[in-house]
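Per-chain residue numbering starts at 1, and chain names A, B, C and D are given in the order in which the chains are listed.
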Amino acid sequence: MSKLGLDPATAARARRLAARAAEPIIEMARTHTTMSVERALLRLAGLSGADPGGMPWVNHLAEAVRAQVGIEHGVALPVWDALLTGPHGGLRELAEAAAAGRVVFRLPEGADAAAARRAAGRAAEAGLARIDARRAERDRLLREVGDPPHPWIYLIVATGDIHEDIPQAQAAAREGADVVAVIRSTGQSLLDYVPEGATREGYAGTYATQENFRLMRAALDEVSAELGRYVRLTNYASGLCMPEIATLAGLERLDMMLNDCMYGIVFRDINPRRTFIDQRFSRQIHARAGIVINTGEDNYLTTADAVEAAHTVIVSQLLNERFAHEAGLADAQLGLGHAFEIDPALPDSFRLELAHAQLVRELFPHAPLKYMPPTRHMGGNVFAGYLLDAFFNLAGMMTGQSIILIGMMTEGIHTPWLADRDLALENVRYVRAAAGRLAEDFAPRPDGFIAQRARRVLAESVELLERICDDGLLHAIADGTFGVTCRPPDGGRGLDGVAERADGYYNPAIELLDGRPSAHHDAEVPA
Amino acid sequence: MTADSASTQIIRPYGDTTGDGMVQVSFTLPVPHGLRAQAAALHLAAAMGLEPASVVHAKPMGPDFTFFIVYGRVRHLIDYARIPEPPGRAYPLLTAAEINLAVRAALGRRLVVVGACIGTDAHTVGIDAILNVKGFAGEKGLEYYREIQVVNMGAQVAVEELLARARAEGADAVLVSQVVTQRNAHLDNTRRMAAAFAAAYPDAAGPGRGRPLLVAGGPRFDTVTAADLGVDKIFGRGTTPAEVASYLVHALLPAAGAGEGR
Amino acid sequence: MTADSASTQIIRPYGDTTGDGMVQVSFTLPVPHGLRAQAAALHLAAAMGLEPASVVHAKPMGPDFTFFIVYGRVRHLIDYARIPEPPGRAYPLLTAAEINLAVRAALGRRLVVVGACIGTDAHTVGIDAILNVKGFAGEKGLEYYREIQVVNMGAQVAVEELLARARAEGADAVLVSQVVTQRNAHLDNTRRMAAAFAAAYPDAAGPGRGRPLLVAGGPRFDTVTAADLGVDKIFGRGTTPAEVASYLVHALLPAAGAGEGR
Amino acid sequence: MSKLGLDPATAARARRLAARAAEPIIEMARTHTTMSVERALLRLAGLSGADPGGMPWVNHLAEAVRAQVGIEHGVALPVWDALLTGPHGGLRELAEAAAAGRVVFRLPEGADAAAARRAAGRAAEAGLARIDARRAERDRLLREVGDPPHPWIYLIVATGDIHEDIPQAQAAAREGADVVAVIRSTGQSLLDYVPEGATREGYAGTYATQENFRLMRAALDEVSAELGRYVRLTNYASGLCMPEIATLAGLERLDMMLNDCMYGIVFRDINPRRTFIDQRFSRQIHARAGIVINTGEDNYLTTADAVEAAHTVIVSQLLNERFAHEAGLADAQLGLGHAFEIDPALPDSFRLELAHAQLVRELFPHAPLKYMPPTRHMGGNVFAGYLLDAFFNLAGMMTGQSIILIGMMTEGIHTPWLADRDLALENVRYVRAAAGRLAEDFAPRPDGFIAQRARRVLAESVELLERICDDGLLHAIADGTFGVTCRPPDGGRGLDGVAERADGYYNPAIELLDGRPSAHHDAEVPA
């Protein structure tokens, strides 16, 4: 079966080590909460909108609770207690009053607590039901409109203006994109709130907002019907508001979300604990919503060398897999990331890429792998860039990747132009049609260069996992293991939004999600 | 729409937002690679109207040449309202049956067409696409038309040979192909051919009245007009046989077939 | 060479023969594909000075846009003699030992450098290449210099934070990086930073005398000058740490180290 | 061994059929001569130069002989007889006098004939000795300067001006070209004489002249020494002067020559008999000179469809092989041509290309195959063109081709610009470095798409060869078998220059070359 002659025992050992390394982190996530997790509950319960300055009501409300009673018990009890016992017509009124400093919160006890708990539970259930409905709607559209086969062609739009993004996304879909990702404005990940409404002022990307999600999903539904092929929409559950954005994604029927267990730590200097806690909740929501996550291992290879650090990609994928499974995600929802980033000046660079890509393919046979194009070694020579992208496309075909992000020849210059995207699609269309089933004829020589390289990377991954098990994952991150970037456990943004759960912590969403892993949904998630 | 907005429609190149004016340019300068060469490249970009412009790639090619790729914003505005829709085909596209009928009705004999790839050019695929039965883009070539008699002289035909054959066959139309354009070979050869026909039929009032209709074709005639070359008509890339046959009927048999196009 | 020929050196782009003036251009026009769009493309080519020009490729991109590739001859001449060699580095490139010596001799303390990637930009690879010990292109970064004290604030640093830290550390120089250029983010952020420092040190006569030396870096500053931005110096693509360290010595310690370059 | 599972018996049968089909043609070539064959002898004997109008002295001399005694006995006896019996100081004076109508030629008999025969024989021997010396010189340079490994990168220059060609050729060599071909001006092939001197006025190519050969070889020797790698020079032994140009190539140490048994017939409308006769002599010279020939099967695919006509390429290669072997060429001198010309819009086009290229590789394991890039489906989209060229380069690497002609992204637009060539070399350098030994991992699935396609093309080739054996090769050519172009045996240019050899025909060059097949040189010809 294995083209690389991988030893199944080594792979199994790697998985066991990853589970061991992940365990303390999972334990931490299960015993802590964050401001964003609490706000996500409020969003799930239906609270939306923002004050005239743009600060969302969920922030006002959660902040008020934190200021008065803390969040270590969760916001559910204080909030629904206030609703049940106070004069407020609903969450929105309560939030407005709280923002004006006109609400006194308490931690209810006894029957009050039970009542608040019931009310909050009902609200959370209603929210999850809305997510379930969106999932069912997706399943129906996939059946009715048509689900494109793998590999899916994934394209980015990045104008910064939702109203420019929409026609570009529709054009991309018409030209062959199976997945459209709207990348986010620089800086959004460090905002501790989710902006509101349709936005036109992003830098190198467009703000992730519920309204932008809705507008884009509607535009893609329109074009999906036109094309007879369901076009997926992707955004980013990442940054300080990961849990809330995941929730909004579930509510607006997004189909895939960038969602990595360590990206925010390494590349946005977000506090590690904050990230891991937020990550667990966001994944539970994704699991429930039938959303495929995309992990971010590709990013490591923009700061670390793709050959030297190949094993860090594997280790991170194994960790992402473990965290995902624990949060209830099925294999078919694991868009594990990797990338074609080896220096093209290296001898045999393409064969090295094939070794890495095939290794990932064989280690995660049921995951819809997401393969990222060259970025780091793309310079100003757009012809050379077009060529490198073609070989990336080819490697994707030869190793059976599932989701192929389309590279732009102008990667080294500017965010994609309309024509760049069109040319990029011509590139992948040619490669796909011309070499489509070449994987059939790709048979790395046993013990040849490719097989040996793959086995060596796997061996290095096991070694690294052993070290991580000994020292702890937080320590490894502090040490610069991933992306040669050092992030100490107590550094970075957002630590102040973390709280250890108190006894009696209550968050009905977590309770519902913990109680009911979504594994029974597996059959419905297309792989 | 007001009268004003209807009368101007300013457009600019589009990179990723309306009006950004962004274009890509590449060229070689015959100077050694370095900062000064780069300055010269920006100088050229400015002369072309790029402002600002960025040299995104500069590559030495040996000691004497440098290749550049430049991206920038052009300042030129295009008033699209002032760019008229170029005249389309001025004659109807006829079916083979219509063409045969028109020829028979108007001439009472077969229409004679002599074709060749002239000069030292040996690219016959283009002219064969028009003349051979096999045709082009799913359309049969002129040989397929019962009422058209085709003489395909093939490649590398000298102008004198062509002229002699056209006379001998009593050609109604002469079709020449030119594919090689280096050093303007296509223009020189076609002009030479036209001049030879003009000299050979000095009294002829024009095509169809004494001298054969002169038709030139090839992929790169887009920088000139028929008048520039002294021919009656030029056909470019992607021409199909029916277009040519319909034109022959239109130009040679003006009474016939008009207005019955599909 | 006569005085005359020395004083002009006319060059043109080179396709495959001297003086042919050939260039390649590509762009998108926001108009539907067709003959009229093609005419508009040639119109733009003409405005850019291409004559003759050929549209070799026109591709509809949806109903509203068309992509063009054009080849043609530009009429512009470049007088290479009039393009001065751009000023090279105006200061000598020093070794680490020389730099350390210069700092010790002139300051009697370590030179303090505060670096950051400002605004919402999170691209730290460039500034890290200059600052981190690991360095760039085989050269060690500024942290490696014994007499330079480096404070690297990392990514997405607000101007206010940067200013506060520079004050707190008594920075001699502030180094900022900007990689994202969409909507001129790099220019806006750098100008905002420069204005904040100017406002914060109103009495300072200039860099080194009260206010820190302001240095900006990034791959796409090639369309502006330091003066445009209000900084003292810009470094572009491919900058190495030694260039930056040598500049700091040159600009901050003019007496030291001059003329001893390798 | 065979990646395609080819049946050796089928291949052997195809070869037997090709030999049978070639036999009548070989017999004709052995029993006929042409004006150009006779002029080639004069060139070998040292006659060069032209009258002030540019008409070469060899033409004047051979024409005079033909007019007076005919060429069916060969020009050797009349010419050397005239030299021995007349007042002329040498061939040049004789030719000048003949041009002025001042020489009376006769067919000598008896002792006169024997004397003329001896003198002519010595002259021919001296000529061949000069060719042998150039061959030895090449062998020495290959040893001293260095011989690049396969695949050789082959580049074309085409300015029309030898003085522009030279710097461009040197630049190409510096950028990585192993072989430089100077393509010929349009129209040269139909000239029944070889132009003289350094020329600057070609159209889309530069005239093949002895002086141009000399200048370019010297320029490449210079750059070879600089680079430590012998850069080969290629030109065209083709058209009405094929034998003479082959001779000049031998004398000026050209390394490879385009030399096909049918190209002139099909693509230049040169008479078939003229071509086959000229071809045999030119190949004998190439064999002796250690020159690698390049055949022209690629051209068929510019007028015929590359999928439909794939078997005609194979058939033509087998014929070219047979004619070449008969003329004394070793396998290592057979640069059999084929091309990457399948419509890129076809599904699986790349895998079809791999099937064809691998088939040729396996059928001719010892031949230095010459693989030609896409031309027909190259349009104005230079990005798409650059991409297609990359896949061509890759197919070359994956199927172990020997000589790779580098495609230009601007193929559909203009003859190569300096920068086009530079970009093309960057393209092939990337593919070569990145995917170099990927052939190792290319293992067409047994009985899969690729293997089946290859076997089918071979079967069709056998069928076609059977038909040719039945009807005769000249008939097949007349029928449009090759390049869908019909060329009747008595049509085309140059038939008037053909004569059946009379009894007592004497051409010392042919005698020497027939008598001494150069097979013993094999070891010295680098493969």
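Just so we're on the same page, a contact is a pair of C-beta atoms (placed from the backbone, for glycine too) under 8 Å apart; a residue touches a chain by one contact, two chains touch by 3 or more.
Quantities reported herein were computed from a predicted structural model and do not represent experimental measurements.
Two chain pairs, C-D and B-D, are weighed by contacting C-beta pairs, with B-D ahead.
Between chain B and chain C, the centres computed from C-alpha atoms are 45 Å apart. Averaged Cα coordinates give chain A a centre that lies 60 Å from the centre of chain D. If each chain is reduced to the centroid of its CA atoms, chain C and chain D end up 53 Å from each other. Chain B and chain D have Cα centroids lying 35 Å from one another.
Multi-chain contact residues of chain D, defined as those touching 2 or more other chains: 381-382, 414-415, 417-419, 423. Multi-chain contact residues of chain B (touching two or more other chains) are listed as 14-15, 18, 22, 24, 26-28, 54-55, 59, 65. Taken as a graph of touching chains, this assembly is fully connected, with contact between every pair of chains. Interface of chain C with chain B (complex): residues 11, 13-15, 18, 22-31, 35-36, 38-40, 43-44, 47-49, 52-55, 65, 74, 76, 78, 80, 83-86, 88, 220, 222-223. The touching residues of chain B, counted against chain A in their complex, run 14-18, 22, 24, 54-57, 59, 69, 71. The residues of chain C lying in touch with chain A in their complex are 26-28, 59, 61-62, 64-65, 67, 119-122, 125, 154-156, 180-183, 185. Of all the residues in chain D, the ones that touch chain B in their complex are 158, 160, 167, 170-171, 174-175, 185-187, 190, 203-204, 267-269, 302-303, 414-415, 417-419, 422-423.
Interface of chain A with chain B (complex): residues 159, 161, 164, 168, 379-382, 410, 412-419.
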